[in-house]
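Presented sequentially are two complexes of subunit A, the first with subunit B as partner and the second with subunit C.
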Partner chain A sequence: MLNTFSILSLIIAIPFLGMLFTLFAKESADGTTRNVFSVAVFAVIANIVMILRIFMLMEVYKPGLQLVETYNWMQNPNIDIVFGVDVLSLMLLLAIHIAFIIGFIGVRDNLVHQKSLMVWSLLFLSMITGFFVAADIFSFYIFFEAMLLPLFMLLGMFGDVKRQEYVNRFLFYNMVGAVIFFVATVLLFNYQHGMLELQQLNNMKLDSRLEYFIWAAIFISLLSRIPVWPFHYWIASVNSSIRNPMIFLISMILPLTGIYGFVRFLPKTLPAILGNYILILQIVGVVTMLFIALIGLINKDRQYKIFAYVTVYYIMYMLGILTRNEVILLNIAFSFFSYLIIVASMEVFSHYIAKEQNRLGVMDDGLLCTYPKISIIYSFMTLAAVGLPLSSLFLNNFLILSDLLAINIKMGIIMLLSLVIVSSALLKELFRLRDSEKCVLTNNGEDISRGIFCFMLFICFVLLMSFIKPLWFVIGA
Partner chain B sequence: MLAKIITLSPEFFLVFALPLMGIISRYRSSKTAKTFYSVSKVALLFSMLATIVFYNRSPMPDFIQNTTYSTLYKVFIDLLAFVTFFLSCKWFLNKNRSSALYYAIGLSLILCLNTMISAVHLGVLVGAYFVASLLQYFLLQLSAEDYEYEDAGKRYFLFMFLFSALMLIGAMWVHAQAESWNYNKIAIYYAKHGWNMKDIMAFASIILGLLFLLGIAPLHFCRIELSGVSILPVCMLCNLLPIVAAYAVILKLLTDVFVSMQVIYLPFLQIIAIVSLLWGAISAIKEDNLRRMFGYCGIYSLGFIILGILPFSNNGITSSFVYLVSYLLTMWGIYTVFFAFKSNGEYLTSLSDISGVFSQKPYASVLLTVFIVSLAGSPPMLIFLGKLQAVDNMIINHAYAEVIVAMFASLLILNAFFKIIRTMFFEIRTKNFDRADRGIYFCLFLNIIFFLVGILNPALFIERFELLLKPIMR
Partner chain C sequence: MIANSVLILAIWGALGSILASPKSNKIVSFLSFIITSVMFFFLSDNYLAGVKQNFSFEWLKYMSLQVDIDLSSTTANYAQILPVYVISLFSILIAIFNTEEKRKQRFCCLVILNLCAVSGAVCAINLLQLLICSCLITVFGFCIIDDMDARKKYAFYNLLADLSLFSVCSLTYGYVGSLDFKSLPMFDKLGSHRDLVAILLAFSICLKIGLFMFHNQLYDLSVLHFNRLSYLLFCSTPLAGLIILHKFYPLTSVSVYARPLLEVLSILTICCGIYSALIIDNIKEKAVGLAQVLFGFGLVSFLFLSANFEKVENVILLGGYLCCLILFAIYYASSYELNVSKMGGFFSGIKFGFVLICVALFSLLHYMMLTFAPANYILSIIFSVLLILITAHIFRQIFFGQSHADERVLAMLKNPAWYLILAMVAISFLFWQEKYFDYSKELMGFFILFILLLVIYPLRKIEPLYNKELLQESDVFEDVFDFLIITPLTILGRILWLLVDFILIERTIINSLSDATGLLIRGVSKFNIFSSWLYLLYVIMSFGLIAFLGYMGNK
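For the complex of A and B:
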């Protein structure tokens, strides 16, 4: 089936074309990079409009992938590239695009390699968009691996150059995962004697030896993206060395691809062979969660606290997905939407606070008194992050946790404990920044502009609305 | 008679250019590299067109026979030579050096390689092989002003002579047994009478010579050494063209002539392919000289190509050819970027020379990254198509151990590739790079167009390749 209007291909193409325009955009005569920045922002906004249009075109409560587009890529072997979306993938895409806009705000005044930052970011966005609309195993693999190059370039160019072993570690873990995935893909392709759409994975019948290898390969490759032991190592190392909010954000989006992979690959009824894998994963997951949450509480670095928060939530979502409960899956989709936007906002404003602190040469205790606009946004985001009823995170996380507690009480309790620890770490940090007794009052403080403040208020509104109704922006949903 | 002479026009155009260049060199006062490039370009273009027109006409059917198979490889060699000559012209102009000899030897080399591909006579094959090897040695002499190549040159000459002699002895033995030099008659003889130990030795000596020309491990030493001590035009010419010819001839001999000896050579090729994969990958990591590093990447890629072709099924033949074409297109791009990287008129060879090059040459650096990522077989780049087909073929043949080795080697070689990317993008610039010629960017643009078409619509090429490769398919 070939659609005359290939809207899904278009949302992959728009950031890619934006990347090309950015690559050839001229920097202004005064050395500023406003042109480059504007082109990049325009490309992302254009894609957001297209995503909203896709929401209008699809039936949001219909199960399965919709708006399917098929292209014959190769005849021998016969490979079709299939694209398709459902509510989960579209929600994630929308959240990622909004997070990108927020990330761009965080780096709008950056003058170091701004063009490279925009080019590689847009390439990453194009690849990850392709990943979320991939509906067959080959396109899934292609985008799964293709997104690594832009991330590698971003980490290498904007991470701490002296500590490049982190980048090597990132590359090693992810490339091993990608290579294993490649072999599993070709094996599956041969076993099925042709194309394999992700929707057909549920009905796949494999012989026991092959099944063992295929699932092991899929688990290893997807886990290589998720901050769970022993793969958490590269993510922790990389994120502690990054001081650019955009790169931090992009590297934080990468684990999402692993989580999403589990959603797409795990069959509705789990094969018996997966029982052992899942049990091991649950144990490793909760231990990692608790461990990271405790480090986040002790560590004084604000960025590490955000990282700990992100990690704990990712593991919780992963464990939720492993239950294969439809209700949990839907809640995770809605929860992810707020989660990504909140993390992006917190990181951007945390970076802004750190920059101001360095500029003024003061301690950051009570620093937010000088910046009322930042204070409002940062406080809102932190409170939404810890689970107050300010976004879809509140209700959906509540449902996910209650279901997980019902399935396995011990696992649920450890998970709850980790969430409490990581939330208290964030709250502690917020109270320290807003500490009125140590209030730093200075006339030199530069709060965010009115335009950005209004935009962030709009984002807060979007989050609030997602609490009331997750698909509020879809007419008739 | 006239028809036979006309059919010989591809060779005639190449031969005709040689005395013409001699006359120009002797009598024309205002001659530059461009002059000789123009003559070579025209000769090559006409030769290529004539090759396509007479794709199934054979002037001397007992010695050389043209088929779609030979035409495919010959046209490919001509195209690569065309690009190499174009880029080399820039090099000679920049260095203000005479290029007459380079173009003359280059055209002669193309003639020999084309003859090898079309040959159906073992004597012609060995003769053309010897001359082609000798011409490569002469090309190496052109590097005398820039590099200390004497030791490497002597070694190359010695081994070239040794392998030519081995090939000759092998061919003579085969002739003595089959009482013919003709491929078909030899094939029929071995199918009928079987083979003994001496036949195997004769076969091995012929194949070893060709593997030496191909530059696969463990016979790669000369090619790698020459890459390090030859000037850039020679390095590009000798690292691209002979590979195509050697591969075409090996495939033809193994599938058409010595097909009855498959039981013997399949495990042998398997071992050679695995050694090449690992040797290429490990050596590339340690290397700091860019040309040598890409030489080792070539060995790794050849390992993949050989592994993908076994056991000579139709699928394997297509997949390996796709890999070969993708590899050569990628290497064309990489060498083009090498022509763009120069500082104070000197072309750069060491990895440290290009540190931080991105800050001054962003487009060339990004394009080199694209080619490197392709060489790594990462999707959706061009070599990924070859890699996918090769691994698919291995899995169809249940060669799981080979898949594991190939994947392990592909992980190893990534270190070398990312070392280059790190140096270009993440390190601080130490040199001031010269402005590159517009022609080089045009060449890169052309390469990227091929790349994009190949990536977006691989079926366009693959289907046609399958048709053209039919003569050696079962």
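For the complex of A and C:
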């Protein structure tokens, strides 16, 4: 081991330790799982503090990976594990952690398998943290695959009656991706005769046949995580079958790993061999965007609408990354920050509304009139989601789209059209929930507590600040 | 100075709307009025004294994006902002004293916040500032609307408008590489897809202003309180549309389609406004019709004759608001009677009100002549005659002839409230600020025409149309949009879901894979049985494979 104490390893370890503590935390005498919940939340908050500390330690305007840590894992074959972060990965990590806190709020009162939910969620968080700090191909691959286990377990535990079917789809798509990626990793390792840092991939010259195979393998495996046609189907099935905000959140974060993979793997100048395939991918991408947006518009399930929104944005980001434009890349990172928080909040409150609807046994039309606090937060998040200047999404999307439109106008227009459709779907849903004419007047409605409301107001403030100054929490940035 | 006023008003407006409570309803509204008045007097003093002050705040300074917030106090900016202040002040005043307005504090604070956003839009020297302010105006307008159905349509129309504007700004920035409005003319040289940009811009302007075909959103606002309706018609998104047109004017010429499109739609808007003002029974919808007419006049004179934008804006905003106040005064006098068909013979009950309304109308005609006549005399006469024709027709139905009013309404007829009188007098006074008698002959002619129209009542034959339910309730364009856009999209969505997700992926790919796996397992299980012959076969096959690979390797 080259470094004895390293902050990047620590942020992987904290959720893992949190998971262990959660595993051994005792349930309260009355059967509630408040201890388990508190331990999990504490672990995530501790990690957020560490991430903010890392922001302080690094030079945010410096390009490339920073705070690099290297561990020698094996001598023969020579495999080193390398960790490192840049602003992009750190922003994503911070957003994921905040999204997790929001997700935990959504499952605070969950009584079914609460301990398992917390344990697997924290394991997922640990793995995805490792994934975002991984700087060599081996650790990247390990974390890329390891994060599937918690989701697999959660799907099995919390899925509905058709869970077996969904788990099979999940396994099928992800296993295909995993196997192909593994082969590509081994080939690259063999070609390089040793350890391979992700940054080196940009400069590597490969034999043309090998290059073709490796890029194809990497593309397919990364695409299997992103809801591009036909891979969208497993994600759509999972998202519409699970009524647990935390699991929805985790399955919603999973495509981010595919997107991030493209950021890390694609060289600055795309190999000529990929040219035609990129065009095909662009066409498939925009068609999927439009297709999912339209289905989101007609589908009455609120969760599907959120899924449609998530998908359209993911594909837009993916297509942005494929342009290999530095400005787009940076803006995607900042945009993701707001996007993840917004989607997490919308999902949690959407679930809360559904729960109240079931409890009261009423239709959800006009339900928000009875819940003023939820109404404020849900409305804010929806308006921010549709692109009003309430979060960094507005400015970053402006820059992303201005570049994408300049690069390929047809693609840009279909993207815009999809954004309009998916935003309309969200707005339509908001109006249905706030329809005062169909207002459900009840005295039994339980709005969120004042504490949660204040916390969510703070989250709204964070989003607003991300619009005013994206790196406002970094001193001197 | 504009910067200071925006800052102070923004803080006050934000605090007021967050801390809104029934207890502080009146006091906060009153304080809002005082603060806005003070700001208005400072700004108008500076305007009259010709004070100029630069204010630029460096907001974002990144490699890819540099944005400054500009709130400079220039004569042009003052001239554009002050009419909005006037309308805002009277809207707040009416909200304070009118008993129909329940959530006074919230409304007043939203008006103040909207005023800040409008100031930001007027002062904008870059695309992003205008885009952000336009979105903020949309949001504040949305909050002012307190009816869910009206909100829905407003939100969808403005979402489309803002996203179109967003696309225009993105495309322009992508090609020109600068956010500055001064760089817009460069788009003609550097940019491509000019038609698309110009049409998107025209689309955004049409949606914002509510030009012909996109006017339904404005008519839906007629369910709101008259004060809110008047405010929204002239200080919210339609005003944002005007500002966008003014700022992006160079872009309308990059394509051969945009300006003719706007010109044609402006003329059609006038026709549509005249139709509504004459045919529609609902007095609030008549107000919307009159607003459309004035917007149409302003746009036609700006687009065809390049009339002075600040003056055109004054005619549209103050003139339109004055027309709304006139109808509001009648509405108030008749104890909130909504249908003009249920009025008539009001003159005996509200003589003073009628005289005041006529004075207000002729003040507007005077100012219209001052604005439009220097650009084109004939057109200004046509506009004035059209306005006289409409107003005389409406006034004839309301003030003269046989009364169709309820007995209760007739018994309770009263002159307009003092705040409405004050507002009408103040705005009329503003119209007489310059050149008193330039068009005195024309005004005399208009007066004679007005009297003649009242007496002759030439359009009496269209009065029975008030009873035609089809005309009163029809929403043609909503049905057209529904038929041409919403329904096909919905059907397409369903077909795609059924065809691609369900039949292709679920029933074909996944089921085929599942069946293939089953077949494979069944096939393998048949071979995998205890049999010496099969072992022998496998061994021979393995040797064969090794031999083949060896041969291929040597080759």
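The rule is simple: the second predicted complex is superposed on the first by the 470 of 477 C-alpha atoms of A that agree within 3 Å, B and C clash if a C-alpha of one lies under 4 Å from a C-alpha of the other, contacts with A are read in each partner's own complex, and residues count from 1 in each chain.
Following the convention adopted for this analysis, a contact is a pair of C-beta atoms (placed from the backbone, for glycine too) under 8 Å apart; a residue touches a chain by one contact, two chains touch by 3 or more.
Predicted model only: the values in this text are computed from it and were never measured.
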{"item": "Three-chain arrangement built on subunit A, subunit B and subunit C clash or fit", "value": "fit"}
{"item": "Greater subunit A contact set [subunit C / subunit B]", "value": "C"}
{"item": "Which of subunit B and subunit C A:V179 touches, first, second, both or neither", "value": "first"}
{"item": "Which superposed partner A:L401 touches (first subunit B, second subunit C, both, neither)", "value": "second"}
{"item": "Partner chain(s) touched by A:L188 [first = subunit B, second = subunit C, both, neither]", "value": "neither"}
{"item": "Partner chain in contact with A:R169 - subunit B first, subunit C second, else both or neither", "value": "second"}
{"item": "Subunit B versus subunit C as contact partner of A:G156, first or second or both or neither", "value": "first"}
{"item": "Partner chain in contact with A:S423 - subunit B first, subunit C second, else both or neither", "value": "second"}
{"item": "Touched partner set for A:E145, first subunit B, second subunit C, both or neither", "value": "first"}
{"item": "Minimum distance between Cα atoms of subunit B and subunit C in the superposition (Å)", "value": "5"}
{"item": "Where subunit A meets both subunit C and subunit B, residue numbers", "value": "none"}
{"item": "Of all residues in subunit A, those that touch subunit C in their complex", "value": "169, 172, 229-230, 233, 236, 291, 294-295, 297-299, 327, 330-331, 383, 386-389, 394-395, 398-399, 401-403, 405-406, 409, 412-413, 416, 419-421, 423-424, 427, 431, 434-437, 468-469"}
{"item": "Touching residues on subunit B, where the partner in the complex is subunit A", "value": "315, 318, 358, 362, 366, 369, 373, 378-380, 384-385, 388-389, 391-392, 395-396, 403, 407, 410-411, 414, 418, 421-422, 425-427, 458-459, 462-463, 466"}
{"item": "Interfacial residue positions of subunit A with respect to subunit B in the complex", "value": "23, 72-77, 116, 141-142, 145-146, 148-149, 152-153, 156-157, 161, 164, 167-168, 171, 175-176, 179-180, 182-183, 186-187, 189-190"}
{"item": "Touching residues on subunit C, where the partner in the complex is subunit A", "value": "59-60, 63-65, 128, 131-132, 135-136, 138-139, 148-149, 151-152, 155-156, 159-160, 162-163, 166-167, 169-171, 173-175, 192-193, 196, 489-490, 492-494, 496-497, 500-501, 505-506, 509-510, 513"}
